[in-house]
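Chain naming follows the written order as A, B and C, and within any one chain the residues start at number 1.
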Amino acid sequence: MISKKDVEHIALLSRLSLTEEEKERYQKELSSILDYVNKLKEINTDDIIPTAHVIDLKNVFREDEVIPSMDRDKVLANAKEKQNGCFKVPRIIE
Amino acid sequence: MLYELTAKEIKALIEKKEVSAKEVVESYFQRIEEVENKVEAYLTLCREEAFKKAEEIDEKVKRGENLGELAGVPVAIKDNMCTEGIRTTCASRILEDFIPPYDATVVERLKRADAIIIGKTNMDEFAMGSSTENSAFKKTRNPWDLETVPGGSSGGSAASVSAGEACMALGSDTGGSIRQPASLCGIVGLKPTYGLVSRYGLVAFASSLDQIGPMTKDVSDCALMLNVIAGKDERDMTSVLFDKPDYTSFLGMSIKGVRIGIPKEFYKEGIEEGVKQRIMEALKTLEDLGAKIEEISLSYADYALATYYIIAPAEASSNLARYDGIRYGYLTENYTDLRELYMKTRSEGFGREVKRRIMLGTYVLSSGYYDAYYKKALKVRTLIKKDFDKAFGKVDLIVTPTSPTVAFKIGEKAEDPLKMYLADIFTVPVNIAGVPAISIPCGFSDGLPVGLQIIGKPLDEPNILKVSYAYEQASGYYRLKPNI
Amino acid sequence: MEYEVVIGLEVHAELLTKSKIFCGCTTEFGGEPNTHCCPVCLGLPGTLPVLNKKAVEYAIKAGLALNCEISQFSKMDRKNYFYPDLPKAYQISQYDLPLCKNGYLEIETKEGRKKIGIIRVHLEEDAGKLIHMEGEDGSLVDYNRAGVPLIEIVSAPDINSPEEARLYLTTLKSILEYTEVSDCKMQEGSLRCDANISVREKGSDKFGTKVEIKNMNSFKAVQRALEYEAKRQIKILMEGGKIEQETRRWDESKGITVSMRSKEEAHDYRYFPEPDVVPIVVNDEWLHDIKLGLPEMPDQKKRRFIEQYDLPEYDAGVLTSSKALANFFEECVRQYNNPKTVSNWVMGEVLRILKEKDMEVEEIPFTPSHLAELLTLIDNGTISITMGKQVFSEMFESGDNPKKIVEEKGLAQISDQSELEKIINKVLEENQQSVIDYKNGKDRAFGFLVGQTMKATKGKANPQMVNRILKEKLSK
């Protein structure tokens, strides 16, 4: 069972803002899903190595060659906020 | 009617100059006009581009030039694969006006094979779902019964092929998203071995599980399309280098002596009676064709769904973090600072299921929970993969139902996420292990299609296609079309 | 109560590959914003990374040069966080299986050589750049730098003073320059440093609360920032307070560190293995090839200089402290075969002027041949040593070759016997008193007369000849 606080924390980590109603709903839904996936606790996996890649590939590389970059117009084509050839965001105070 | 033909047939007619590419495209667009308002399979139609390509092909034919393997064949592309200059939305508000500046590798290969791209199909938002009801734009309907779902997440692609609105389609499969809709819509859908088909240009959902595959009218067309899209791609580190065969060469071979395993864990409760019957009948047909059926055990099968619902959301939460409106896509209108920009854009741009999975994924990766959830799931994955390895030591192929049910009513499972997730119970283990699997039509129950799933060992698409073809030709179900 | 300082440094160095770590875009510095980008480094939907082999090799080279163990099996991981300069909202880095680990480097302190442990060296991608505009309502993002390969070098907390921290950095820079994997220019951002500093009672083996310091843009700044921060922490402890674990910014103009405390909690990076990048296996054969490709390291070169050029250890050490300086020295010796003289000039005049003008060796406006030429001119008596130093200064100003400078400015030594005699005769006439003084035993008067001769000739008189002629005339 996860708490409302947990939901708020996860939402912040994921950059999602939720209404009170949503928080309640997601709390219920996430709790029920987590209950289900907790099933994995039944298995003893002490000596098992995790599988991050299902294929047995290693050392796949590319050579250090320069390929022409994309036209700046194309780079910026899908952006809504741009200025001076850059993407624009709200002022960031460091 | 031209729109009823298979790709193999269309290609033959074009090569023999009995029909022009233009006529083929006209036929399909005519069909789309007839039924699309009922089926709603498409998000974007590419009329202009399709006719232009048709013209180019007809020119090639006139000049006697060599034609690509899919010359003149109209193909629909699931809207999570990038098509240069053509809107690619993943059925999400957050990408509703995104126009990719590049083609996915599979799209490039299709174009090079002279296929004609006619449109982008509807799907569950970001491929998260089993009914295509999670699309932000429209709900696609199952051509066999418009009150039911076409399955998901490649519901639009499945419906378009089933309804004759496309000759072939590309779908993507992370937990069953090609096979389950193929099953529910009565068509053929193949999820290749992980790494066989390049993921470059496929908008990522769960990187270690996603694969692109063909959705076609019959097994022949499936092999044809696989020939074009499979093969190593320099732009995808996870794509495998191997000796690519001509997949069509295995069609028509005898299946005598092929050993087929039935995992006992997959035939417990939860399967609709009608579905069970059709599967049993199909197994009998396979036996009659010379296959040897035996019971096997995939002991960790029961845990596959739980494993999937940790790994997939975890990777998705990371893959979807880039959507913030800064470089592309939806941007919220009012924001005063960066934090607001992120929160509002993402909250307004993503749908419910997507948000649910992002949060679930964030949770299982977060500090304090990583070991108990994500790492644990990766370990169980090792066990599931071992299960399959062991099974393939005894048998050549594994057969199961694709879906425990036939197409369900629109809205029936929408309110209970976990209920919806259980639709994937037979398909998910395949993605976890990275092995290939196909769904082929094997009959009807309550008037709705039932799908048979055939699973093979890594890179053993040849055997899968061989057996599928034999079954399909013997049973003839693939010839039946919905009445719309 | 005596306190000691414990410092650990995290250095990021940009690798000198031609293309980025996961795509073919150029890594060239500068360029109009967003002109070195492609779908991959922009993180457009559907794109995938492909690892640059050279980046891996350079990282291994750096690890070898830092005496690290090279991991046989290594992988990449995702570090997830939201920031506009990070296009995918995750950085592909290395978490639990870095390429290199358990190394060290040695610094030369006043007390002798000291080993500073290096916990790890790993490979990762750089983020883009944020441009903050004065008085404007937003910030701009340029992704040219996004995807440039970086190595992150994490030192053990073995550094015990701000001075040692600076020495660590200069030594690290020298080693990395030698391997040619990075040009380590802090001003250009190809070398960045963050520090972790804590204080504790002298003799204690418990670590104090550590504070992270960021925004130090030069080696000097690192030293100053750490000096300030150490003082700040000690003051707090002496007053009975507690150190807060936080990140602080070094403010160069005010000379203080300022808390960067933001409203939210610490980052939870949610590291997990990168599914799009397959693991890296470094077998013995590959490692052997990379070792062969390693250029001569500072220590090796130093030993060779001692042997080959018969130089004292100290000289060899200074000359090999930077690869560029060592190359300059060797090239000069190739053309003027007196290593000791060249060494004196390089350690003396060259380094002095570089320090004065705050320049790097690469920025010396003349070539080693020019220096060789200068030394030859002094050798063959065309100019005196003193004049030589003047010409040298001029070479630094104008970049002209010495012959040209001597000609144009008419600085050639006056070595003509009769001309000198004429001048000296005049000097002796005008300074009768000094002549008498000298003859009465006042040796200093001799020096005065030499000085006057030099003055009269504007320093161009050949000093040895002046000495000889004066002595002759005065002994009469």
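Quick note on the criterion: contacts are C-beta pairs under 8 Å (C-beta built on N, C-alpha and C of every residue); 3 or more make two chains touch, one makes a residue touch a chain.
On a predicted model such as this, the values are computed, not experimentally measured, just so you know.
Student: Report the chain whose CA-based centre is farthest from the CA-based centre of chain B.
Tutor: Checked the centroid distances; the maximum from chain B is C.
Student: Could you tell me which two chains share the largest number of C-beta contact pairs?
Tutor: By contact count, the leading interface is A-B.
Student: Can you work out the whole-Å distance between the CA centroids of chain A and chain C?
Tutor: The computed centroid separation for chain A versus chain C comes out at 40 Å.
Student: In whole angstrom, what separates the CA-based centres of chain B and chain C?
Tutor: Their C-alpha centroids are separated by 57 Å.
Student: Taking the mean of the C-alpha atoms as each chain's centre, how many Å separate chain A from chain B?
Tutor: Distance between chain centres, rounded to whole Å: 23 Å.
Student: Note the residues in chain A that touch 2 or more other chains, in rising order.
Tutor: 13, 15, 50, 52-53, 55, 57, 60, 62, 70, 81, 87, 89-92, in rising order.
Student: List, in ascending order, every residue of chain B touching at least 2 other chains.
Tutor: As it turns out, chain B has residues touching two or more other chains at 98, 101, 208, 234, 237-238, 317, 321, 324, 326-328, 338, 342, 362, 366, 378.
Student: Could you list which residues of chain C touch at least two other chains?
Tutor: Residues 39, 42, 50-51, 82, 84, 141, 268, 270, 273, 275, 278 of chain C touch two or more partner chains.
Student: List the residues on chain C that touch chain B in their complex, please.
Tutor: 39, 42-51, 78, 80, 82, 84, 87-90, 141, 268, 270-273, 275-278
Student: For the complex, which residues does chain C have touching chain A?
Tutor: Contact set of chain C toward chain A: 17-19, 23-26, 32-39, 42, 50-56, 75, 82, 84, 130-132, 136-143, 249, 260, 264, 268, 270, 273, 275, 278-281.
Student: Using the touch definition up top, name the residues of chain B that touch chain A in the complex.
Tutor: 97-99, 101, 194-195, 208, 234, 237-238, 240, 300, 302-303, 305-307, 309-310, 317, 321, 324-329, 331, 335-338, 340-344, 346-347, 350, 355-356, 358-360, 362-364, 366, 372-373, 375-383, 385, 417-418, 421, 432-434, 458
Student: Mind listing the chain B positions that touch chain C in their complex?
Tutor: 80-82, 88, 90, 95, 98, 100-102, 104, 199-204, 207-208, 234-238, 314-315, 317-318, 321-322, 324, 326-328, 338, 342, 362, 365-367, 370, 374, 378
Student: Tell me, which parts of chain A touch chain C in their complex?
Tutor: 12-13, 15, 50, 52-53, 55, 57-67, 69-70, 72, 75-76, 81, 83-92, 94
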